[in-house]
Every structure is written in structure tokens, then in C-alpha cells.
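Next come two complexes built around chain A: one with chain B, the other with chain C.
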Partner chain A sequence: MRGIWLKSAGLLMVLLLFSLLLAGCWDYHELETLFIVTGVGLDKAAEPEKMEIILQIGKTRSPATGSSDSSNQKDSIILMKAIKDTTVEGIMQLDQNSSRTLLLHHNQMMILGRDIAEAGVKGRIDGFLRNQEMRMEILVMVADRRAEEILSAKLEEEQISSMYLYGMMQDLYNISPYYKIRMLDFVSRLRDGTSSAVAPIVKLDELEDKKELKLEGMAIFKEDKMVGSLNDQELQGYIWTMGDVRQSGVAAQSDKGRAVFHIAKLETKREVGLKPEGNVRVKLSVYATLDVAELRGFGEMTPLELMPYLVDLSEKQISQQIMAAFKAAQELDADIYGFGLDFHRLHPKVWKTIKKQWDQLFRELELDVEVNVKLPATGQIAKSLEMEDAKP
Partner chain B sequence: MFLGYIFRKLSFLGNQYALYRRTTGPYDRRSMEGAAKKLDKSLEKNLACLKGMFSDSCDLKIHPLELGPDRWPAAILFIEGMADNNKITEGVLRPMNEWRPEGTLAAGQRLIEELAKKVLCAGSIKPLSSPEEIVLECLSGNTVVLAEGCTSGLIVGTKGWEKRSVSEPQAETVIRGPREGFTENICNNTALIRRKIKSGKLHAESLTVGRRTQTDVRLMYLDDVASRQVVDEVKKRLSRLDVDAVLESGYIEEYIEDAPFSPFSTVGYSEKPDVIAAQILEGRVAILVDGTPFVLTAPMLFIESFQTTEDYYSRPLYASLVRMLRFAGYLITVFAPALYIALTSFHQEFIPTNLLFSIANAREGTPFPVLLETMGMVFAFEILREAGIRLPRPVGQAISIVGALIMGDAAVSAGLVGAPVVITVAITAVASFLVPAQNDAGSVLRIIMMILAAFTGWYGISMGFLAALIHLGSLSSFGVPYFDGLAWTRDQEDTIVRLPLWFMIRRPKAIPETNQIRGRFFIPSFRPHEALDEDEEDADERRGEGT
Partner chain C sequence: MRIDKGSISGMQFMFAMACYIQASTLLTSFVAAVTTQDSWLAALFGSLVCLPLIWLFRSLMVMFPNQNLLEILDEVYGPVLGKILGAAYCWFFITLASINLTDLGDFTKLTIMEETPNVVLLIMCILVAAMAVRKGVSLVTRFSDFFVTVAFSILVVSIVLVLNQIKPANFLPIFDQPPIKYIQGTHIIATIPYGELVVFLMIHPNAKMSRRDTGRYLLWAFFLGGFTMLFIVLRDVAVLGNTLDMFTIPSLVTLRLVNLGMALSRVEILFVIILIMLLFFKIMVLYYISVLTVAHLLKIKKYRNLVLALGALMVTYGLTLYPCPVRHAASAQETVPFIWSPFEILLPLLTFIVAKIRKLPVRKEM
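== the complex of A and B ==
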């Protein structure tokens, strides 16, 4: 009896060990059998319904095979291109036609070509949302011209342009989280019906000796089509409206001189309400803590006069920029601020009745901006050099 | 199939043993063939008999004597090298030669008594009449005095052989703390422990184990602290021992441990008297074995491997930090190569992109799959370690050069292995030295984890981890749960952190003992001065109770 028990226990253990082998291995990939995709770009193809799917792949180089390779920096990325109806078809085709498996987990961003953004993106990004390998964390950006030129750009600072862009957006994220538009943010704006999605525009500057990527405002989407964009000044106003700015700068010009302030903290509070006349009014209170970063001019003013004047000046400048961004958005009927969502949250019953006509309401929306600036510090010096000069 | 084979083999061995026990009965170590039961009156016959019992060994020295003016024949026997020549000369030979008895010699038994009382000078003198016992005493270094017409001999304590002096242990070195270590001499070792615990309650008990080696084994424990059950269990297991030879405490450990097939050892050991004293003070039983500086302690807890003496000699904050470091080190040494395999071959999405690129760059062009690569490096390290231990010290230098340069640098620059693998294995190797007591278990677990990781990735590692935890939880050492203290139930003063000594009022509950309180709680800096008087009174009271 005992022998049989022992035998069966042994057999059971061996079978259990085998089951381990059965469970594993199906997603086993050695690193050298993988292509690490760092960026995906979508461009409109010549044929009407098709699009170009561009994959940027970071090339791995063996350190052991000698240093001659490293001087040859041209090929630090591989660009793969397929022309297909949908993204997944394109990726599948590229996967089958390459020597290695595509690893999409490390994709940093989706770059939409301007033409495809203007034609509408809803039908193009379904694959990104369905595929679990494509994370919702990837950044969404719009190329100033075509996505391909952004992905193929070889910069001096970083060989892989999407890694460079990711770093750039991460840097901006430290200023305000609203700069960084992830797939999740982008799609949730697309889905909620009334808000408008935004995405940063990236532009390739071809200088004589090098190429440069830079941020060129923010694209505004109405429904799923790009309808316009905010320029740099307006973008700053938009970011300030959204609040939660941790560090930034604001420059203000007056007839007495030019002042640059450093924004230490900027927070906003919104109050959305329905006016008796039937239109929506948003009261936006901005609370900013600034300090003086640089002054030019103001020579004839004493420090005691100067501080209230600077507070006033910065309040005006902030308010003006916020209004400029709002005007731009209002002209495009695009609720990039999510005022509709705020309204929904505060007055859910009323919202049902006015949801349909939100476009109309947004066009007539009144925005009251009230800026409260605190200017506690003047930096390391109290008076500027020019002010001392002016004294007799 | 392999396991089946082991089980079959085991049941076969079990049957054989039962058969052996039935036919022969328990071994009686006192029975020696062809020996007389008692000494004869004739000295010549006795000498011949004893000579025969020593199988005519050349190191048995027989020194004939003539006592007194009557030239009464006598002889002394001892084993060369085991008895101290000085002691024999001063305590036995010289007094016997210079003895001038008044009147005539008393014959027979009286002579022996007289010799013992008036002539010989030594620490211990006792008469024995059984040749077997005489042989045993002689073998342990004592000198036997025989005389014509006497049916018993005198055993004179002259033990003394060349021995290593107390020196710093090689395996357990400390920066702060006593530097003495045990030696191969069991008497010396007992004394070393007794010097640490000067208490009459420190009980020492002697046993003899090993049919042929007749090895001295001593149990030491605090009579009023150690739990009866544990002491009895240790004694029971030792008494069941029926083996030919015990050359080192490792033999005993293997025979008395609870889980012989587990990678984890359930009997502790140390080479340092202060460690053993601390263990005894917590209610453990120390098992000293003659001929080895390694003293066993039972019961053993898993947490013991992470506690070192220096934890208690340095201040608690730093000690706690080091303790945590040791836990981290153990986790690293078990899991680091497995994690590397799992991450690079299954879970590339876990690795930050920049790190992934540098690992991928290193992997590019290496010829072997990651499991083979890592396994190879781990084995290479084990080979180097083993070679470093066994080789004589001057050659050991060469090993480290070969290891560092050829295995590490050359293999990477030749593109045979990737640098991340070398780094992973290196940190694994270094971390394994943080917890030396769990080194062997760690090596076994590491390889199991690596294989699991190579087949099923993170899933395999977590299953392996779970299995290891369940196994650890199921172990017990002499009736004490092995994993106690880490199970987050009790004895938290001295696990992940080491609380100040004045906080540890009680002995660890995990080790069953009868006397719980170890000391009184007080905070050094807040202690009021008035309390001093009160303390003295308390001490007086306690003294009163004691008498």
C-alpha cells in the first residue's frame, strides 16, 4: 500500500512539473529576436481610403563587434512603412516581412500626419485601443506636415526622434500636466461628446547643418477632425486656464518697461453656471504666485510704487492671454477646456436638456477671468540697476 | 521517474534497516570479542591480554617498573602522543620510583589502594578492574598502572595531546566582538562556553557516539530555561544514533535534523563561543562534538541565519539597517538571475525603455539563449568559489585573476556573454555572502527559480516563491515552527529590525522555554537617579529569594 502511495505521489509531482512546461514558452522571445518599436506614425496615402503606417524601430548594436559601427550613426533607427487600410493590417504585414518580432510595448508615441488629422482620426486609431500591447500611455502628437519626416528625423541631441520627443513632453509635463496628451486623454476627450481633443503639434525645422524638432502650438480637434490650432501665446493661455502650473514664465510689456515673471505656482478655480437669459457663464479665478525674474526699464519708479504696478501688469497679461486662447477656441466651436463636463458634473439634470445644443451655448459662453497675483519676492535684488541710475 | 526511483530506493533501505534491527538487535558498544571479563592476578597475563586488545599497536607503550626494595613487579601503560609525558614522569614514574614503603609491601588489592592514596599525584585516579574499560580509558589518553597480584588497575588522568590553541575563526570574522573561536578539543570548548555563562544552571551532559570513533558529544543547556521537550527530543534523537563514525558535527546534524531532503538546514551551527552562549541563553541546546570547532544548536529558526552577533554589539539603528540589507541580499541572491531571465525573455514591457535598449544592445550577437548564458555564468561563479576555497591560499590569488579577467572581461568583449548577465551574476554572488548560513539553500533555490523563470517567466517565479514559502512554513525544527518570527505573529523585536536590547524583555517565544523574562525594561536616558536605590533593594530581595 505504502509503495503505491509513494509511486503515485511521485508520478503526480512529475506530471505537475510537466504542466509547467506546457503553460510556458508561448510568449517567450529572446531580446535579440525583437524589434523594439519606439514610434508609430500615420500618414495619408495616395489612395483615398488607405494610409501609410510608419514604424520607427530603435536599432540595437552589439558593443562587442567593434567600434567601427558606432561611428556609422546613420542607422540607429530602422523605419518601416506599409500602406494598408488599417493600422493593425499594416503592423501585421511589417511583422511578417521582417526578420524579427515587433515589440510594441515600448512604443512611445503615435504621430498623426496633418492630413490624416484633418481628415478625421476616429476610424484610424481603433487598433491602438483594442490591442493590449499598445498602451494607453503613449503620447499623441500631430505632425506639422507628415508623420514620416518626424519619425525619420535624425537629431543631434538624440538618435531616436520619438525618444527625444518623449523627453521633451516629459519636461513640459513638469511645467503643467496639460501639455502631455496621452492616448488615454486624447480618446476620453473624443468620446465624451462635447469636449474637444487637443494634441501638441510638432514641427521639423531643417536648418543648414542640422535638424530640429520643436513644439508649435496645439492642434484643436472638432469631433475627430483637426480644425485649427493654438499658437504659442494662446497655448500658454490655455495651459493657465487649466491650472496646476508648477513652474513657468510670463512676460509683460508696458510703456514703462518690460517685466518677466517666474510663475512659482498657478491654480485656477472654475464656477460654471447657467444665466437667467439662458446662456452659460464661467467664472474663472486664477491664483498665481509669481516672482520677478527680470526687469527692463521702470527706471523712474521707486520700489514701493513698482510692486503694485507689477502685480497689476502681470494680472492683465495673464488675463489677456487666457482670453486670447478662449477666443481662438470659441471661434472654432471647440470646448477644449471641458466646460461641458463641469456643467454636467454640477447640474446633471439641466445638462440632459442642453447637451444637444452645447455647441451653440459654447459659442455664446461668457468667460469672466479674475486673476489674483501674489508677488512676494523680487529675486535676489530689490532695485534694478536702471532704477539706481535714475536716482540723482 | 527519477523521483519514483528515489522513493523506491528509500523504501528498500527502510526495509533493510528493519531487517537488520530484527536480526542483530541494537548494537552494544561495550561487547568486545575475546576479552576477559576481569583482570587476572598475574601481571604478565594482564599485559598480554591488554596487548591483544590493542591489536599489538606500536603506539601502546608498556613501561615495566619495580616497586620498593622488594622489587615488586608493576607496569604502566599509555598511548604515545595521547598522554602528556610530563604528567607521566612527574605524577606516575617519579613517585613510583622514589617510593620507599615502610615495612613490607601490602599485597593484592591493598597495594593498589596505597598507590592511589599515597604515591601517585594526578588530578584523577580511579581503580578499574574491567579490561574493556581500561582499554577505553587508555585510548582517551589516561595512563594505566598495573601491579603483580592485583585484580584491578589504576587509571591516572594524564590526558594531554598536541592541540591547536584558541584562535580567531576563519569562517566567522567580526569587526566588533570577541575574536576567540572554538578549537577541536571538546573540554576546551565546554570551558569556553562556561566562561561566558558563569551559572550553576548551565548543564553539561556527556554522551559517546560512534561505534568505532567513540566520539565525545556534549549537550549544554540552561537547566531552568531550556524546554524539557526540546532537550528530551535532542537526547532521544542522539540516543537513536547508531553509526560507525562521527568525524564532524556535520555527521550528527545530518542524523538528527528534521527535514533531510529540504535545502534548508534545521540545525544551526557556529564556531564562536559568544554565539553559542547567546543561543543557550535563549533556551536552545548546544551540541558539542569532539574533534571539530563547529558547535550545533537546536532548535533552529529561519530568522537565525539573518542574525549575527554584531547586530547586538553595534547600536540598534545601524543593526536594523544591516538586518534589512541582509534580507534584501538574500532575496537578490535567490531571485536576481531568475528575474533577469524572466524580464528579458517574457516581460520586456517591465523594463524601462532606455534600460531595455542597453540590455538589448548587450544581447545583440551573443550566441546562447539567455537561460544558458545566465546558468553558465552562475555555474562559472560556483566553480570559482569552490576552487577558491579548496586551493591553497597562494594559488587562490591566481583563481581570482582568472575569474575576474577571463570569465568576466574577456567573455564580454569576445561577445560570448552580455555585460548585464555578468553584472547580474556578480551582484547575485556578492549578495550571497551577506547570509552565509543560507548560502547552500540559496544556491539550490536560485537554480530552481532560474529554470522556472526560463519556462514560465514571472508566473514561474511567483509559483516558485510561493512553493518555497509553503515549504518553509511546513518545516519545523525539534518541534518548533521553523519560520516562526517571520510569520508576523510574535517575536517582532528581533526580526526585520533589531530593537534596543533594553526593549527585549522576554526571550523569543518561538523557542519554547520555561523562564520567559530576560531582563527589566528601562530607557537609559530617562532613568531617574532615585531609581538606583530601589534597584539595590530589589537586588537584595532577589538575593534573599535565591538562598
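== the complex of A and C ==
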């Protein structure tokens, strides 16, 4: 009996000793010792090889001190900047020179300054892919001028600009998944060979009393260099070409009046094929279900005449915007739609023979757009005030 | 001579094998780098090619229901050649265990414990495994059904979570690469997950199952494991597309991409759970079998004394095996399938043929 007691007492001692060993934890991270990075920006530095690495750090604050005091507002972010050859060197330097450890897990986005995007990004983003703290779902955006001004912007709506942009992109994602470019999508396009990567452009508007961040078209990359951009109208055309649109609207103007339609659903189907003469032809069929959202004018038309007219009008508008985007892409020789990839996927054998001349083929590519619009709903009212027979 | 007298049920044996195959599916990156978007085809072909192999293992198990691999070798090739082959297998098992041990270290380092030294992870794993190995086969295989269920559920959940990111077009074009790539991919799949089932020839005498059941259990294990692998590869290709071959662990990246609103994201911990669980199981099985093989070769009745010594050997061997993960991946893609093939395919086949020619086993009781 005594033996058992002795044995268990001995075992207990050993276990207690183990707890001493386990208590020490060498890679602990406490919240008050961390700098949580919310956005990373890259800008071109004065020396050609180097770049400016800008980290935006969201400050951790206790709600008690932060809520009412407005003077605190401007301190909600910290901006850190280093000039180095690579991202990781920059981050390491910043990490050494700060009182806290940098935590990259919650980084929301990578913003490329326009200069660096135009100079080529392939050699600049390796760190983002390799570092296991970085995620492939971070957003990629291009700053209209410099990334720094985007990250340092103090907005009214949201104190941390990258959180604001994240929310904005999430909203746009609900309209169409093609607005939101994650690191994965960006890299996938870069690796593809023939497709051109795109990334939304964000622009800082400095108004008199406040600053605003806006989405301003989409940057187009050729290889890994930004070569141009789509403006807002063209961007809409691009999004419609890609299909899978759930919200947003179409505005169309004719000599009879102006009509705005709400998109309930817009799907596309595309067929890529080789014509006998040797050039590529893409047949794009757009199937859209729209609602009438607002009308102005059209006074002399009856509702019965109006509906077919509106269908026609919206079809023309959609097709025109799609063509405008396509022309813009074609001028830049940038296959932003992935037509080459489509061709590769559907005709892998033929692809091998034409892959080399894809640039040439894309320049001469024929796009046939066929838009089918259904206009099932007119909103709460069937007639508008301006219509002839609405008057008593 | 039966060293471990413990016995397990046929079901347990089946789940152990299924779990073993599932554990190997974590290594799909090896094949992803070779066949990219067609990796699922490689997985499918690899599985189909392995059906005859499964049948071969079954035949050996049925022909020699009471003898493990070493005893079979002894009986078929005679004591001298049998011992030499046995020693070769012994090297094979220990190497396999060490490689998987390094995998566990590397992957854990890559996923959650970045700053923990590798050796600590390895020793922790080996110590826990040693406890089970000392208790024998019944404890080694006891949790396999639980592990299989958890791994399968996590797989299903993860597929549901990434449904919104699946792009079916990622699978196209099919058969776009030179045929040799498919052969290489199939070969990798055939040797790395399935061929390794040869280790179960060491413990089948402990499983209580009838002649007919042997084939059934093997086939079920094959289907459970095979489906897991196929679906993991399909999921990763559908989500990652042409970036698949870029990543060290594609499945981890896939799970990291999960994003259902703000609430359901960052679920890579699910992957880490199955990673540690399954690799631990695989290491435990290989560890147990290595110990058993050494004990057999040296004719040691009480194999328990060997356990810790062999564990220490495996840790040091594992740590010095590859200088870096890149070399490891390269060898898994290029050399390992060729070195493994003799042990996993050629020797069992030869043994089967020789046994048939020599009309073995001689029925002693008759």
C-alpha cells in the first residue's frame, strides 16, 4: 500500500516538473506587443532598383478611450515607410525599428503605386507569395498616383483606408466577382502567358474639407507591366463581358429620353473559334434580365410602344459599352478577357500552333456581340408622368 | 514466431489502411507539380493502376494468412536470401518512417508552429507514438476509424466551404501535356500512397478475418482512401487553377482562401488538424512496423526494448535525410518512385510468382 502512495507521489512530482517546462512559450504574441498590418503599399523610389515599402498599421485601441474623443481619430493608423530593394527587407527593417512586432496575418491588400505597376511587378511580389503570413486572398489594387497617399488617407467613413477599400470591394464583389482581384487571381493571370492581368485603380480625391477614395477604372497589365487602363464606362463593359453580374445598372440615352435599367441578372456565353481565313472569332451572347429603374422623357410614346423600344435601347447600350471596352483592350494588345485561355482550353491541339502569334491574332480578333434583353418589370409604376396617355 | 500477440478485427485493419492512404494524400503537391490541372487524372489513373496491386497484396495475405512479410520471404526464398531481402525491407520501412517524420516537421513548421525547432516536433511525435507502439498492434490501430471519419468530414466541410470559389473551367484543357508527364504522375500516385500499403503485409496475421473478407476489406480501404485523394485533388484544382503547382501545400492555400462573409474565413486550422492527425497515424504505423521488422530480423522476443532506440534513430535519420524541402520534393517526384517500386511492386509480385511455382505454402497440418 505504501509503495503505491510513494509511486503516485513520485509521478505527481514528475508531472509538476513538466508543467514548469511547458509554461515557457518562446513564440508568444500578445496583442499589446503587436502592430497589426492592414495594408501594404509599394511605390517606386528615387533609385531605380529600390522601392518604397509602406505599411499601414491599424492601431489597437480600447473602446473606452477611442469612442467619443475626436482628436483620437487621426491617430487610428500608423504609417511606416522603408526604402529597400525587396518587400521583405523593408518589412524587416521596419520590424527592427519599431517597438512592437509586425503581424501580417490580417493584411487586407497590396496597393501598387502607378510607377511601380508600369515598371513591372513580377520581381516585386515574390515576398507576398512566399511569406506564409501572407494570404492569397489579399486584394490587389493599383493606386492612381502613389500607394502612400491611398494608405495614409484619412476618410470620414472609415478610419483605416484599407478597411474602407476592402468593404468597397466586397460590395462590388456582390455585383460581379470580376471586380475583386485577389492575389490568387492576379498571379493566375500573370502565370497564364497570354491573358492580361487587371487590377482596380483607386484614386484619392481631395475635396475642400475631406478626402475620398474612389474606384477609377481598371489597370491593364501586359506581361507584368501596367500599360493602360479602362475608364469607368469601359470597365462596366468589361464586367458585362465577363458575365455573372447581379446588380448595378445600365444607363442609356436616346433622342427621345433617358432610361436607367437595373440589372437583375446578366449572364454571358462565349464561343471561341478559328475562322477559315485564320483569324480568331469570338461570339459573345449576353443574356440580361433588366428592370426599368427610371425614365425621363419618352413623352410621346405609349407604354405599349415603349417597352420594345426600351429593350432595343438597352441592348444597343450594352453592346456598345462592351465593344468600347474591347476596343480599348485591343489597342493595348492585352487579352484581359482570357480569350486565349478559352481557346487553349477548348482547342488544346490548335492552340499549340497559334500560341506564339496570339498577340497578332488578338489584335485582329473579331468580337460578335449579341445581346438579348428581357424587360419583365417596370417597377412600381407602369406609366410615367411625362407620358401622353397618363394625362387625364 | 509471432512477436506481437495482439489481434485486431478486420474492420480495424481496413480503417487502418484507409487512414494510411488518406495520410499520403497530404503529399498531393508532389504530383501537382508534375501534372498541374490534370493531377486529378493522375490520381484516378494511379488508383486504377493500383487495383491489380491491391489484388496482389490480397493474394499474398490469403496465401500466407499466418505469416508476416518477413516470414513469407523466408519461406519463399529460403533463409539466406530471405534474410537479405528482409534486411532490405527493414531499411525501406525505417526510411519511410523517417521521411514521413520530416514531412510532419516541415509541414507543421509551414502551417502553425513557425518558430518551433523541428527536432522538438519530431521528438514529441515519436514519444507519443512510442507509447502506442509499446502497447502493440491493437493500440496502434485503435483510433484509425475515428481518424478516417474526422478526415472525411473535414474534407466534405472544406469542399462545401469553397463551393463559391470553384471554377469548373480550371480543369480544361484535359490531356494537354506530353504523355510522359501522366506516366510520371501515375507512377508517383501508385508508389507513394498505394504501394506503401505493402507495410500492412507485416501486420495482417494479427487481423482476424476470413479469406473472403480480406479482399473486401482491402477494397473498401482502397475506395475510402482513393476517394479522399481524388476529391482533395479535384477541390484544389478547381479552386487554385493554374497556380496549383506553385505552392508547397496546395490544400493549405485552398483552405486559406475560404471566405464566406466575415464570419467564416481562415479555416486552415482544419487542414492542420487532419495533417497532424493523419501524419501522426502514418508515422505510428511505420514506426511499429519498423520495430517489428528489426525484432524479427534479430530474433528478439521482447520488442519493447527496441522502441525508443529505434525512435531515436528515426529522428536523427529523418533530420539528416534531405538538406532542404526542395530536394525532398524533387526526390519525391523523380527518384523515390523508382527506388520504392522494387519493394512495393516488383518484390511482392516476384514473391507471389515464386510461391506459386514452388507451390507454397506447404500445408503443414495435412
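Observations, loosely collected:
In this text, the second predicted complex is superposed on the first by the 350 of 392 C-alpha atoms of A that agree within 3 Å, B and C clash if a C-alpha of one lies under 4 Å from a C-alpha of the other, contacts with A are read in each partner's own complex, and residues count from 1 in each chain.
To be clear about the criterion, a contact is a pair of C-beta atoms (placed from the backbone, for glycine too) under 8 Å apart; a residue touches a chain by one contact, two chains touch by 3 or more.
Keep in mind that what you see is a predicted model, and the values were worked out from it rather than measured.
By the touch criterion stated above, A:Pro48 is placed in contact with neither chain B nor chain C. Contacts of A:Val187 after superposition on the shared chain: chain C is touched, whereas chain B is not.
In the superposed model, A:Pro276 makes contact with neither chain B nor chain C.
Of the two partner chains placed by the overlay, neither chain B nor chain C lies in contact with A:Pro376. Of the two partner chains placed by superposition, only chain B is touched by A:Leu11; chain C is not. For chain A, the partner touching the most residues, choosing from chain B and chain C, is B.
In the overlay built on the shared chain, the residue A:Gln108 is in contact with chain B alone; chain C does not reach it.
Shared interface residues of chain A, touching chain B in one complex and chain C in the other, are 27.
For chain A in complex with chain C, the touching residues are 26-27, 129, 132, 135-137, 182, 184, 187-188, 191-192, 344-346, 348, 351. Chain B meets chain A in the complex at residues 1-4, 6-8, 11, 344-346, 348-349, 353-354, 356-357, 359-366, 369-370, 412-415, 419, 452, 455-457, 459-460, 463.
Residues of chain A that touch chain B in their complex: 2-3, 6-7, 9-11, 13-14, 20-21, 23-25, 27-32, 34, 36, 38, 58, 60-65, 103, 105-106, 108, 133, 163.
Interface residues of chain C, counted against chain A in their complex, comprise 110-111, 113-116, 169, 172-176, 240-243, 246, 253, 256-257, 259, 265.
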